[in-house]
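One chain, subunit A, links the two complexes that follow: it is found with subunit B in the first and with subunit C in the second.
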Partner chain A sequence: MDFLLLLISTGLVSGAAYGLIAMGFALIFKSTGVVNFAQGELVMLTAYISFTIYSTFELSFFPLMLVTIPISMLIGLVLERVFIRPMLGEPVFAIVMVTVGLAVILRGITIMIWGPDPFNFTAGLSTNVVYLGSIPFYPAQLYLIAALGVMTLLGWAFLRFTRMGIAMRAVAANETAALLVGISVSRIHAVAWMLSAAIASVAGVLFAANYKLAPDLWFQGLKSFPAVILGGMDSVIGSAMAGLIIGVIENLFQGYIGQGLREISGFIVIIIVLMVRPYGLFGSKDIERV
Partner chain B sequence: MRNKLLALTACLLASTASYAADPGVSDTEIKIGDVNIMTGPASFIGRAVAVGSKIAAAEINEAGGVNGRKITIVTEDDGYIPARSFQALTKLIEVDEIFALNGTSGTANVLAMMPLIEENNLPTVVTTAPNELVYDPVRPSVFTIGGSYSDAFYGQLKYIHENLEPENPVYGLIRQDDDFGGAIEHGYERAIEEFGVKDGLRVRFKKGTANFAAEVAQMKQAGVNVLANGGIIAGAANILGEARKLSMDMQVASVWSEDMPPSVNLSAPAGYDYLVADYVALNGPDYDRFMEKARKYASEEEVAAINRYTLVTYVGLSALAEAMKQCGQELTRDCTIEKLRGLKNFDTQGVAAPISFDNEQQLSGTALAIYQLNAADKSFKRLTDFTDY
Partner chain C sequence: MLALNNLQILYDRAIEAVRDVSLQVPAGSIVALLGSNGAGKSTILKAVSGVLYQEDGEIVSGTIQLDGAALAGSSPRAIVQKGVVQVPEGRALFGTLSVEENLLMGGFTRSRSESAAGLERVYAMFPRVKERRSQVSGYLSGGEQQMVAIGRALMGDPKLLMLDEPSLGLAPQIVETIFDAIISLNKDSGLTVLLVEQNAQLALQTAAYGYIIENGRIVLDGPAEKLRANDDVQEFYLGFSGGERKSMRDVKHYKRRKRWLS
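Right after this comes the complex of A and B.
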């Protein structure tokens, strides 16, 4: 029983990381129709920035995030203004290719600034083991699961109750109609990138606190992509949930069947789900896939 | 008249002697190529390799060079991508006209370059990828320095079995699902069979895996208390971190990448005094002497980049230079290869076991020393001399 609980609990931890990264993907896709292939790099870059802040000022976790998140949002805004805004009106494929180029640039910049060595980054969190019942956790693991919960709740409330969130949904539903009723689509795009960068920073810092900070952190973006597909590319909340599902399934497959099945288990689930619901578990039926 | 013609011919031959020699050699210089990982996440290896070549070349040049010719190192970056390794070596051969090759990047990279190496009869010393695929089948101009992962794990498990003697030992293996992991499993298998100990669990994982929670939980459930940890750098640290969380009391054998400072910094907080087996010295008077040289010939920044790869490359270039020296003034690739093939007990000044390529595989430096980490102060204690397993 403990073995099963251990697999589920640690699956929730890795799933929370997938979910947070997937939320960033979905948020940009929902409001701009673009798959941001630089999302993993954004996660990595913001984690490294946070590491520098932590190393310099030795802040504890919450003050660290209070500094990291606004800086990340600013980076998201700058990236949108410099790389994406000039592409408005261009074919979606061209914009997607810009994000691919952006990913390569961000990877290069990260290694140029911080070098190739990996780092231990606790993000101001204790490394003492804590127990929930009989299940051991590192605090960073609990923070990761909690962060997904908080971000999902905030995401839902933002999209449901705020003017900006409703405007974002309007742009996602019909960009032309949204323009006609006076919504600034370009502003919505900028906000989407800022919020996505904010989520990326939370994901990056907590991923690094759990699994070390290294220049291959960007790869988690690709590993999280199945969660976006499973949850529905335009469903921010669905992506978060799908991340958890994939994380737990991966651990159960590895724990009970083993021999590297972790890697393919998520994809098996995705294929089955997409055969039944091609638009994902929580996605809209009319989305256009790239 | 006839005498004059003979004298003229002799003068012409003498004046063109250096041009008739193989590429990369002049009266004053020998160009040695280095295809290396200078960019990307694995560039900490490439930086260390480049420093090793620099120290060896500076030391040789200060002592008068190779029969009066100074060694010049020409480095090309391959970013750890085999296709780029091929391009880099093409450039080194056709544009820079190197005489020999010392840095060869990773296993897949040196294999990608192998057709060029063979076609050009390029004397090549492989120090950073001592993989069986490199020396079997043997290529006439390729010489390999380094122990095998299989021997490294067998040696560590043997030490644990004979000296640390854990109670009711249950062995476990976690390794990548590729050739590298296969080599580790080979050594593990040999240890299990030879010692007759319980084989608790063997787990494979994909390269790049970060989350090892399920694998370590499986180890715990199987009662593993001797772990052959085939993870590297962050992966190895994450495995040990999960084991610590589950309060697993165990002896750990590791890959030699885990004796590099960045790896130690990641893994030490888990608190396991793990073992490593390496074919270079990690401490002691010989290592201290090497570091003195490093501080003399390399910048502060380069000294900070030093790790085990610096030492193996230093040994590689020193052995290559010795072979070239034995050729005298008539330095050719054929002669260098012949002298490398005859190299026996070349003294590495204690940085590695003496180098001898006079064997069928042209393989040397296979002897490994076992070290144990002190996780508290991040230092290594040498447990054995260089030993062939």
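Right after this comes the complex of A and C.
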């Protein structure tokens, strides 16, 4: 029983990281229709930047995030302006290829600046084990799960109640109609990239605090793909939930079936999901009147 | 208020959709633009709203002026802010958003308080829409969707409302409700309306002036009563055939039709 609980709890932790990264994917996909293959690299880059800020100023966690998030948003904005904006009006596939190229560039830059060796990065969090019931947690693990909760709540409230958030959904629903009511679609795209980068930075810092800060952090981006697809590509909240589900499934596969299955279990889930519910658990089917 | 002068529009720099179109929409009037499928009606509206670029369309020559100032070249957002708002063909609601969210998005270029006031005006005008305010708009009936689409455009507080086939696919009774609303908007609030229609009968009853467009050119224009009395319009648009059925072998008829098309 304890073994199962332990598997589930650590599964929730890695699942929370998947969920956060998947939310970033979904936010960009929802409002721009582009799968951003550089999302994992964005996570890595912002984590490294946060690490540099941390080692320079020795901030504790919350002030660190307060500095990291605006910088990340700025990076998101710059990337959108420089790489994506000029591609506006080109086929979506071409834009996706740009993000693939962007991913390689960001990976290269990160290794060039910080080198290939891993760092220990506590992000100002203590490393004393705390017990919830009988299950031991590191504070960083609890922060990661809490961050997913907070981000999900913020994301939901943003998309539901703010003008900008509703406009984002409007652009996703019908871009031409959005233009015709005076929504500046390019501005919405920029906001999507900024928010996505902000979420990426939260994911990056907390993931690094849980494991280590290494240049292979970008791979978490690809590993979050099962969560993105399970969540339904365009559902920000759904991706968060799907992240948790994938995290737990991976851990259960590893614990009960075999070590090697951890890496592929998520992708097995993808295949099943695509066969049974192609629009994911929470994604929107196109509404069609009959 | 709105004036198009010798407008020529190409798609993909190759396909000519509109050629030498000039039309005037005087302030406070309802003007109808009639034509069959593919005549270029929607293209003209897209040009005025500044969204041609989405379909690789381009204004090659000619001007679009609003109150004497050039409109072409402005961003779609700026055009809405200047008070030129379009109700697109086939409603084009934000299907996944609720009715009220759709309406609020219509007021995106206006301040929060203007939006709130606009919402009340739309609800007063279409009580059916108010009943459905919290429903997902994609599931409404066609008539209700058209009301929401018009309401959404009104939220932008337009001076000139452009409607692209508001009667498309609707039951006659609903069409009547919608056209009554358009007429009362024009009479009571002095809203200028450019009405694009295939339903000539309806449009010429509603509008004061009409333009008929075929294959991208204006072939006939005049006051609505005059157009209604025109033999060709009666035959080809209003469906009167002068009592007896025409035979396809009727050469004179064929020639007249041909003139229409060229």
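Here, the second predicted complex is superposed on the first by the 284 of 290 C-alpha atoms of A that agree within 3 Å, B and C clash if a C-alpha of one lies under 4 Å from a C-alpha of the other, contacts with A are read in each partner's own complex, and residues count from 1 in each chain.
One rule holds in what follows: a contact is a pair of C-beta atoms (placed from the backbone, for glycine too) under 8 Å apart; a residue touches a chain by one contact, two chains touch by 3 or more.
Remember, predicted model here, so these are calculated numbers, not experimental data.
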Touched partner set for A:V13, first subunit B, second subunit C, both or neither: first
Subunit B versus subunit C as contact partner of A:Y211, first or second or both or neither: first
Touched partner set for A:A173, first subunit B, second subunit C, both or neither: second
A:V181 touches, of subunit B and subunit C: first, second, both or neither? second
Partner chain in contact with A:P136 - subunit B first, subunit C second, else both or neither: first
In the superposition, subunit B vs subunit C on subunit A residues touched: B
Parts of subunit B lying in touch with subunit A, wherever the complex brings them together: 39-44, 47, 177, 203-206, 208-211, 213-215, 217-218, 221, 233-234, 237-238, 241-242, 244-247, 262, 265-266, 269
Subunit A - residues contacting subunit B, complex: 3, 6-7, 10-11, 13-14, 111, 115-120, 127, 129, 136-138, 207, 211-212, 214-216, 219-220, 250-252, 254-255, 258-260, 262-263
Subunit A-facing residues of subunit C, complex: 49-51, 53-54, 75-77, 79-81, 85-86, 88, 92-97, 101-102, 104-106, 108-109, 136, 138-139, 142, 152-153, 155-156
Contacting residues of subunit A [partner subunit C, same complex]: 89, 163, 166-167, 169-170, 172-184, 284, 286-287, 289
